[in-house]
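Letters are used for the chains, namely A, B, C and D, taken in the order the chains are written, and counting of residues starts over at 1 for each.
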Amino acid sequence: MKKIGVFVCWCGLNISSTVDVGKASEELKNYPGVFYADDYKYLCSDPGQELIKKTIIDNKLEGIVVAACSPNMHESTFRAAAEAAGLNPYRVEITNIREQTSWVHSNKEDATIKAIQLIKATVEKVKKSEDLFPQQIPLTKKVLVIGGGISGMTVALEVAEAGYPVILVEKEPQIGGNMAKLSETFPTLDCASCILTPKTAEVGRHSNITLMTNSEVVESSGYFGNFTVKIKRKPTFVDWEKCIGCMLCQEKCPKKTNSDFEHGMGKRKAISVAFPQAIPYRPIINEKECIYFKTGKCKMCVKVCPVDCIEFEQLENIVEENIGAIVVASGYELLPKEKLSEYGQGKYADVIDGMQFERIASASGPTEGVIRRPSDGKIPQSIVFIQCAGSRDNQKDRPYCSKICCMYTAKHAMLYKHQVHDGTATVFYMDIRAGGKGYEEFVQRAIEDDHVLYLRGRVARVYEEDGKLVVLGVDTLSSEQVRIEADLVVLATAVIPSEKAKVLGQTLKVGTDAYGFFNEAHPKLRPVESMTKGVFLAGCAQAPRDIPETVSQATGAAAKVITMFSKNHLVSDPQVAKVNEKICVGCLQCEPICPYKAIEPETIEVRIGHTVEKRQVATINKGLCQGCGACSVACRSGAMNLSGFSNEQILEELKALCL
Amino acid sequence: MMTMTEKMREQVKELFVNNEIKLFIGFEKGFTKFSRIPAFAENYDEAKKMIIDEFETPFLAKYLIRELEEVAAGIVEKSERVAILTRGCDYLGIRRLIVDNIILRENIVIVGIPCDGLIDVKKANKLLGEEAREITIDEENVIAKGKTENKIISKAEVVLDRCRQCIMCEPKESDIMLAEKTANVKKNKDYSKIEEIEKMSAKERYEFWSRQFERCIRCFACRDACTACNCRKCIFDITEPEMLEKTVATSEQFMFHFIRAFHVAGRCSACGECERVCPVDIPLGLLNGKLRKDIEFLFNVEEAGIPSEIEPLGEFKLDDPDEW
Amino acid sequence: MNKLLRSNVSCLLKKLSEHTEIYASTEEDGVCILAKLDNYEEWTMNYVRTANSVKDVFFPQNEEIMKYKDASSDLKIEAPKPFKERIAFGVRPCDAAAMLLLDDVFLKGEFYDSYYKERREKGTIITIACEKPDQHCFCTSFDLSPGATEGSDIVLYPTEDFFLVVEVTEKGKKLIKDNAELFEDIGAKPEIVDSYKNMRTVLGDVCIPNDLNEKLKGEFDNSYWKKIARRCLGCGNCTFVCPTCHCFAVCDVARGCDGKRARTWDSCKFQDFFLMAGDHNPRPTQIERTRQRFMHKLNYFKEKYDKYQCIGCGRCVEKCPVGVHIADVITHMKEEL
Amino acid sequence: MSVKFKPNIICFACNWCSYTGADMAGTSRMKYPATIKIIRVPCSGRVNPTFIMKAYQKGADGVLIAGCHPGDCHYNSGNYFAKRRFLLATRFMNYIGIDAKRLRMEWISAAEGVKFARVMAEFSETISELGPNWRAREEV
């Protein structure tokens, strides 16, 4: 019978408020196998951990049960403490009596009984535990960054600066992401491309960064430190090596189409580059619009191209890369205004969303920075800005706040007022959220200096009446109905994850939440890591946020990658599958189940008496196995077992809970 | 024309003479009347007493596990191979062992015989009213001679239940085929008994099965006769962790039959051997049949009885049903 | 000699059931077994032998030896509750005779098995003579007969409409006296009894030589064992249905700090029956185990109790999936040695 | 009226989604009855049907398996295998007489604390209506 120590934590009032901690540790004192049982105010504190270490050393304990908060929180803390005291860390198990007992039950008596039963079950589990030793696995020191926006670029630059190779994959033909489309940025109103282009240029020429634009990640396998990723390089129909960027083809191309970079505000040629400062500054042919692809004639670009680099028959190719870590920076999109029926469902040309307004206001945009109405190009005398269009809205099950719209709407209003001093800018808002550095002052300046009219209330409907856009709303401060005729309506639509994020999540096996944003490992303590080891998150892929936060988060993700690459090999979790070769008959029914292909047949020699028998058994590649345990269920005779969550341990836990 | 038995003897003589096998497994007359028991012949004269007829016979596939070396020993030369008399259902057992890497196809010689149903002596006795002294079988019917009168019964009446749902009338591929292939009449699946039980109320079902399981004396004959149960050491013999306690309480019996049914789920080829060997006649076919029916229905597996490379529980489809 | 009408058998059983448990032969899903009966109409006669023998009543497969409570602090041990009176009705003469062999094992000599002893004292066996033995029976080879009285308390010889009642032991006499109103005295009817006693079995006599155990001594590596063992699947069928097999294993069933110690049947054919500490198994393959089973029945038992440990009930022969037949072994060994 | 029957329910929660979902329910102080005890398993694919039957045998009145939504499994395919095993297990147990309502499988992601609490309360309610499960349970 193992000498087990049980430590029940008060966690201040968190646990002790609904679980009688004293009674629990008292009851555990005379449970078979328990040598020492005690409770303590804050076990995770340094004195708490000292208590555990001292008790292990004094009584030479062989197993520890800590009844406290969730293992996701402090399992590693307590295991490290035990290891410091000379006990194998995998002899320590955590009972979750806070998140899953004290916080979720109100009746103190029931909660205490449940807590005691859970602790007894964990004691039984520890009795069946074994000493486990982590494995060392080789590591590929190369990072894959998915998404070439400001967050992807920041990660790429930081990691490249640290001397590790980076592969930056961007689905658009050029990097820069949404930031490249912005006119100015709040709160300093400095021009977005002025602060962005140095970054994109540096990324373009950095020796450690391999840029793969117009590409997507289609498959990923392996595990942290040893991912193999397949990247689909979509065809650009122009040989970018030979091309010198003279853009003659863009000038001469006869076909004009809608530019999705301009969000429908401007036109582009069938062969063109998205915007003048694009990196890489190379044109791409839009297959759906190019006359040659539709009818087989034209070929104007081939005629004018001095270096003859147009290749119509270019095919997509799949590139395979060995990667050590992945950073997801897939960015965001705005909720399409077609989804908002109360604001015209995209029928009216003069009802535009935030990004379209950015393009109109941008110097490199279709109107060279002059704010004009997309319908007739006139300068609008009155603009209505509608906040929280689609955000904070339970009916559309998108209750979250998109965080950046308050600020960029104030910026839009200021830009408009700087151009049209006598124009009226009205902003319908619910609550102005300006929490960043210099944000509140920025909004105050918009109100006082630029006389932007802020009306507190939601807009009921926007409709067109004899050529004029009518905005029906209410001003809750004066509780009056408000009817404004506006030349232009700008919707601050909700920030949603980019539409390929969900698929990307399933390819990388990283979970996404109900709205499609990636799940971080822990909302407060591990925001830049995903649940999958070796996959990190940066920027709006994880949740809506503004540029300063994105850059700081991206730098954090880069730091995580750099610390991971700072060691020559990785330490793997020893809670992996293990084969009992005496029992295994080699039927290999476990092999098709393993998602990581970690199981292979092997011939072993067994000595029985003086005869040596050759037998086929299954073996586990400890590096590949991630410890999911699905194979141990397929094994009928129980030869395949999972250390850390073995059949014996789960059965003992089960029995103890059913007593 | 030569009867099957003579053809078999001639083939076996040939195999032994040019040293192609070390052992031939077939059937011989048992000690009690009409019983056929497995026979092992290491040379031709031992094979002389072997016979083939249409009386109920035990399964031979499981003996291959002990008679052949481990798969790891690789393909043995010709003279070390083992020949085995194989009907369609035996073939499914052999396929099961091959797919489970217990034996190698090259190490065995399959001597195939077609079969369209074996005779159940108990049924003949019941129809006759007493124990038949003599039973002769010809093309369509069976003549059973009792003490006083004898009866002519059509074969269909006395054929074994398991043969009524036979999924494979003769081995799909065999090295030697003793007789030409009969019409491979495809028998439709009859899950009527299982549906009958499904229609019962939960209480009735529990009483029905606990009554069956209480009779079980835990002799493990069903496990030892089943080719799908080919583990080196059975989980019921392992004491750490003790999945099954030695005491024979009702809950332990439920546990035993639940585990065994799940261990052959998707692997059982409905050969009916477990029902045949059970000393207290527990309808195990209805247990394994239920899982087979569900697998065929839920994962649209065409015929769950025929061993596939990967078991139904060893794979999944994205559009598996969601409602439960 | 008394007469018991067939019709009032069930009311006899009802009367007896007031203070005793009745185990009678009933048909359950097509199988005749000796089981605890509470509805007395379900008693049946059309069987040759019940799937489980009367051993089930007195030496059950699963018997609680003792209970223990909170083992960690102050251990308390409880003996099992005292057994209730039991009556086994519808037993066959061969099974009843088997109980005598078990008595030798469990009761003879200096040490006896208290549980078995208590059950035997509180149990009465009412046997029904065999009207038509089937092809598997060979009880006559062990000087028994379809009408034998060894081991039973009362024997009923069935005729068309009534049973001829012969009481063999004191217990039997007392039982008849207590329920005298159901019986009628019809004087001696030896011819019915004799007609059963010298009825021949279909299989005929295997006539075992008395010194077979001498011949078998030392026949350890006889090639015949290999021949039979090659067929044997190694299931425990033959040993569990056999009324004379008595090997058992003791095991603990723990539920947290309390639990019970139970005794269950075990079979010499199982792979791990002989497994010893350190993974040593003196009988690793089926050859040794099959040899052990027959040597015990025909050699070791005879030497210890001067009787062969077989009563020819034919259960192991009927139930063996691959037709291993003890009569086959006897006749072969008789000729060969 | 005797004190209301308190069921004993075992929940196998997969470590990456449902267990974290349970923690999320905890951090947002959702309330559900104290009749449910959670066993942490690496993946819902780790739950062997034998464990479910063992739970009923040892005295559980209800068993609930909580795993990641199909497609979100941290080990890619664990919950698909779990789904197949569960589909067979629930039908088979219903077939041998244990009420199918006593076994339930739910996909609960790490962010669905609310759903976790709701499912727990619902399941605890159904099981207390069904009452204790004596079928295939061990007599001590």
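Going forward, a contact is a pair of C-beta atoms (placed from the backbone, for glycine too) under 8 Å apart; a residue touches a chain by one contact, two chains touch by 3 or more.
Predicted model, so just to flag it, every value in this text is computed and none were measured.
Interface comparison, A-C versus B-C: the pair with the greater number of contacting C-beta pairs is B-C.
Across the assembly, the mean Cα position most removed from that of subunit D is the one of C. Centrality by Cα centroid goes to chain D.
Look at where the CA atoms of subunit C average out and do the same for subunit D: the two points lie 46 Å apart. Centroids built from CA atoms put subunit C at 72 Å from subunit A. The centroid of the Cα atoms in subunit B and the matching centroid in subunit C are 31 Å apart. Centroids built from CA atoms put subunit D at 29 Å from subunit A. Residue positions 255 of subunit C each touch two or more of the other chains. Those residues of subunit B in touch with two or more other chains are numbered 233, 243, 249, 313. Taken residue by residue, subunit A touches two or more other chains at 593, 647, 651, 655, 659, whereas all remaining positions touch fewer.
Subunit C makes touch with subunit B in their complex at residues 28-31, 33, 51-52, 61-62, 132, 134-136, 202-203, 227, 230-231, 233-237, 239-241, 249, 251, 253, 262, 264-267, 270-272, 286, 315, 317, 319, 321-323, 325, 327-328.
Only residues 582-589, 592-593, 601, 603-604, 613-616, 634, 636-639, 647-648, 651-652 of subunit A touch subunit B when the two sit together in their complex. Residues 30-33, 35-38, 40, 58, 62-63, 66, 130-131, 211-212, 215, 217-221, 223-225, 233, 237, 245-249, 273, 276-277, 279-281, 283 of subunit B are the ones touching subunit C in the complex. Those residues of subunit A lying in contact with subunit D across their complex are 70-72, 96, 98-101, 103-107, 110-111, 113-114, 117-118, 121, 505-506, 509, 511-514, 519, 531-532, 575, 593, 595-596, 626-630, 632-633, 642, 644-645, 647, 650-651, 653-655, 657-659.
The part of subunit B that touches subunit D in the complex is made up of residues 197-198, 202-203, 205-210, 243, 249-252, 254-255, 257-259, 261-262, 265, 287, 290-291, 294-295, 298-299, 312-313, 316, 318, 320-322, 324.
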